[in-house]
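Chain nomenclature is as follows: A, B, C, D, E and F, assigned in order of appearance, with residue numbering initiated at 1 for each chain independently.
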Amino acid sequence: MRLSTRNQLPGTVVSVTTGEAMAVVKVRLDGGEHITSSITRDAVADLGLAEGSKVTVLVKSTEVALGVED
Amino acid sequence: MRLSTRNQLPGTVVSVTTGEAMAVVKVRLDGGEHITSSITRDAVADLGLAEGSKVTVLVKSTEVALGVED
Amino acid sequence: MRLSTRNQLPGTVVSVTTGEAMAVVKVRLDGGEHITSSITRDAVADLGLAEGSKVTVLVKSTEVALGVED
Amino acid sequence: MRLSTRNQLPGTVVSVTTGEAMAVVKVRLDGGEHITSSITRDAVADLGLAEGSKVTVLVKSTEVALGVED
Amino acid sequence: MRLSTRNQLPGTVVSVTTGEAMAVVKVRLDGGEHITSSITRDAVADLGLAEGSKVTVLVKSTEVALGVED
Amino acid sequence: MRLSTRNQLPGTVVSVTTGEAMAVVKVRLDGGEHITSSITRDAVADLGLAEGSKVTVLVKSTEVALGVED
């Protein structure tokens, strides 16, 4: 499936912290940066996410803000 | 100002497309990937964004989805 | 690719309104309801979206609010 | 109150999973599809959400991505 | 309708800028601050929004980031 | 750093509820209104947020919906 989602970055899961309802997944991008994702606990289970999982980070362009140094 | 926003990636603006209300800004991350941001036309003007502007890409973790190959 | 995105609903594009930067796409879900999506003009072009296109509507669970009648 | 929110779909709560801070609510739309919503634990308590609650699912159009099959 | 949306602030529209697809609406909160909202052109038309319209600003808690001064 | 984020409102933290993965932070705006923010547990720790912390509430304009009374 091709997505309208403009931002798709390949990476590898480095940690998964699971709560009762939500989970926080940290990903190291292939470019070296780290990304944090907050998804449901169910999504972690359904995708079988764990340290070392290869993933694509997906971010809709309307969710991307920009900052500039003064 | 330090931000709760987990994802902060440095980059450089490569293009700005401006509509009446909104604008689309494309950024090349220092890591080599490209990111698209949809912000208001006013924000582009206030920050003085143009090709070559140094920016930080900001994404809240709740906005980050993940995909895995089948 | 399997997605963490919890909400994936099949439908058909009924209209595309394109601005300079953004576009609004209306979709009739197979269940009969209508959905409006605001995506970039570039995404519409890349996916070749037009009236009649078969699509999957994707919504992250953190973006879903709920209302109850008083 | 009438809302700018373009997407308003009627449904019934089928499950509520509550964590310390957040909760995940699953809703069966009247059209038959299922939707997952991540809201605060406080919102669940304030609205009195439980299995069987009649709700309206609300999604802002800027939060709706689209996919097309290859 | 009561909403799960935690943040509901009363205000008055001070300007509406309309593009082909999207619109930007500026609101002065009763508390004196100003808020900018990006919604579809259709939503502006459906709600009949214009300078002076009384509105409630609605923001889901998952969309609220925080900053602290260094 | 100056931000594209249109909505920046000063306030004071009144409570922090921390779960395993996520946290909910309530803020009293200087204008008197209250705002709820759902951020990661890590963000709360990194910013050292606690009752009495001075913060800026940040909301991207694409996340702001509007309602009008019938």
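Assume contacts are C-beta pairs under 8 Å (C-beta built on N, C-alpha and C of every residue); 3 or more make two chains touch, one makes a residue touch a chain.
The UniProt protein names, listed by chain, are A, B, C, D, E, F = Mop domain-containing protein.
Quick caveat: nothing in here was measured; it's all calculated off a predicted structure.
J.: How short can a chain-to-chain path be from chain B (Mop domain-containing protein) to chain D (Mop domain-containing protein), counted in steps between touching chains?
T.: Minimal hop count between chain B (Mop domain-containing protein) and chain D (Mop domain-containing protein): 2.
J.: Which chains sit in contact with both members of the pair chain D (Mop domain-containing protein) and chain E (Mop domain-containing protein)?
T.: Expected: C, F.
J.: Which of these, B-C, A-C or E-F, gives back the D-E interface, meaning over half of its contact pairs coincide by residue number?
T.: Checked against D-E: the matching pair is A-C.
J.: Give the label of the chain whose average Cα location is farthest from that of chain C (Mop domain-containing protein).
T.: Following the centroid criterion, the farthest chain would be F.
J.: Roughly how big is the turn, in degrees to the nearest 5, that lines up chain B (Mop domain-containing protein) with chain C (Mop domain-containing protein) by CA atoms?
T.: The two chains, chain B (Mop domain-containing protein) and chain C (Mop domain-containing protein), differ by a rotation of 120 degrees.
J.: Using mean CA coordinates as chain centres, what's the gap between chain A (Mop domain-containing protein) and chain B (Mop domain-containing protein) in Å?
T.: Chain A (Mop domain-containing protein) and chain B (Mop domain-containing protein) have C-alpha centres separated by 16 Å.
J.: As a quick test, compute the distance in whole Å between the mean CA positions of chain B (Mop domain-containing protein) and chain E (Mop domain-containing protein).
T.: Going by mean C-alpha positions, chain B (Mop domain-containing protein) sits 22 Å from chain E (Mop domain-containing protein).
J.: Residues of chain D (Mop domain-containing protein) that touch two or more other chains: which are they?
T.: 1-6, 19-22, 24, 36-40, 42-43, 47, 56, 58, 60-63, 65-69
J.: Give every touching pair of chains, nothing left out.
T.: Those chain pairs which touch are A-B, A-C, A-D, A-F, B-C, B-E, B-F, C-D, C-E, D-E, D-F, E-F.
J.: What residues on chain B (Mop domain-containing protein) touch chain E (Mop domain-containing protein), complex-wise?
T.: Contact set of chain B (Mop domain-containing protein) toward chain E (Mop domain-containing protein): 1-5, 19-22, 40-42, 60, 62.
J.: Where on chain C (Mop domain-containing protein) does chain A (Mop domain-containing protein) make contact in their complex?
T.: 1-6, 37-40, 42-44, 46-47, 56, 58, 60-62
J.: Where on chain F (Mop domain-containing protein) does chain D (Mop domain-containing protein) make contact in their complex?
T.: Listed in rising order, the residues are 17-24, 36, 38, 62-63, 65-70.
J.: Please give the residue numbers of chain A (Mop domain-containing protein) that touch chain B (Mop domain-containing protein) in the complex, ascending.
T.: These residues of chain A (Mop domain-containing protein) touch chain B (Mop domain-containing protein): 5-9, 24-25, 27, 29-33, 35-39, 43, 47-49, 53-69.
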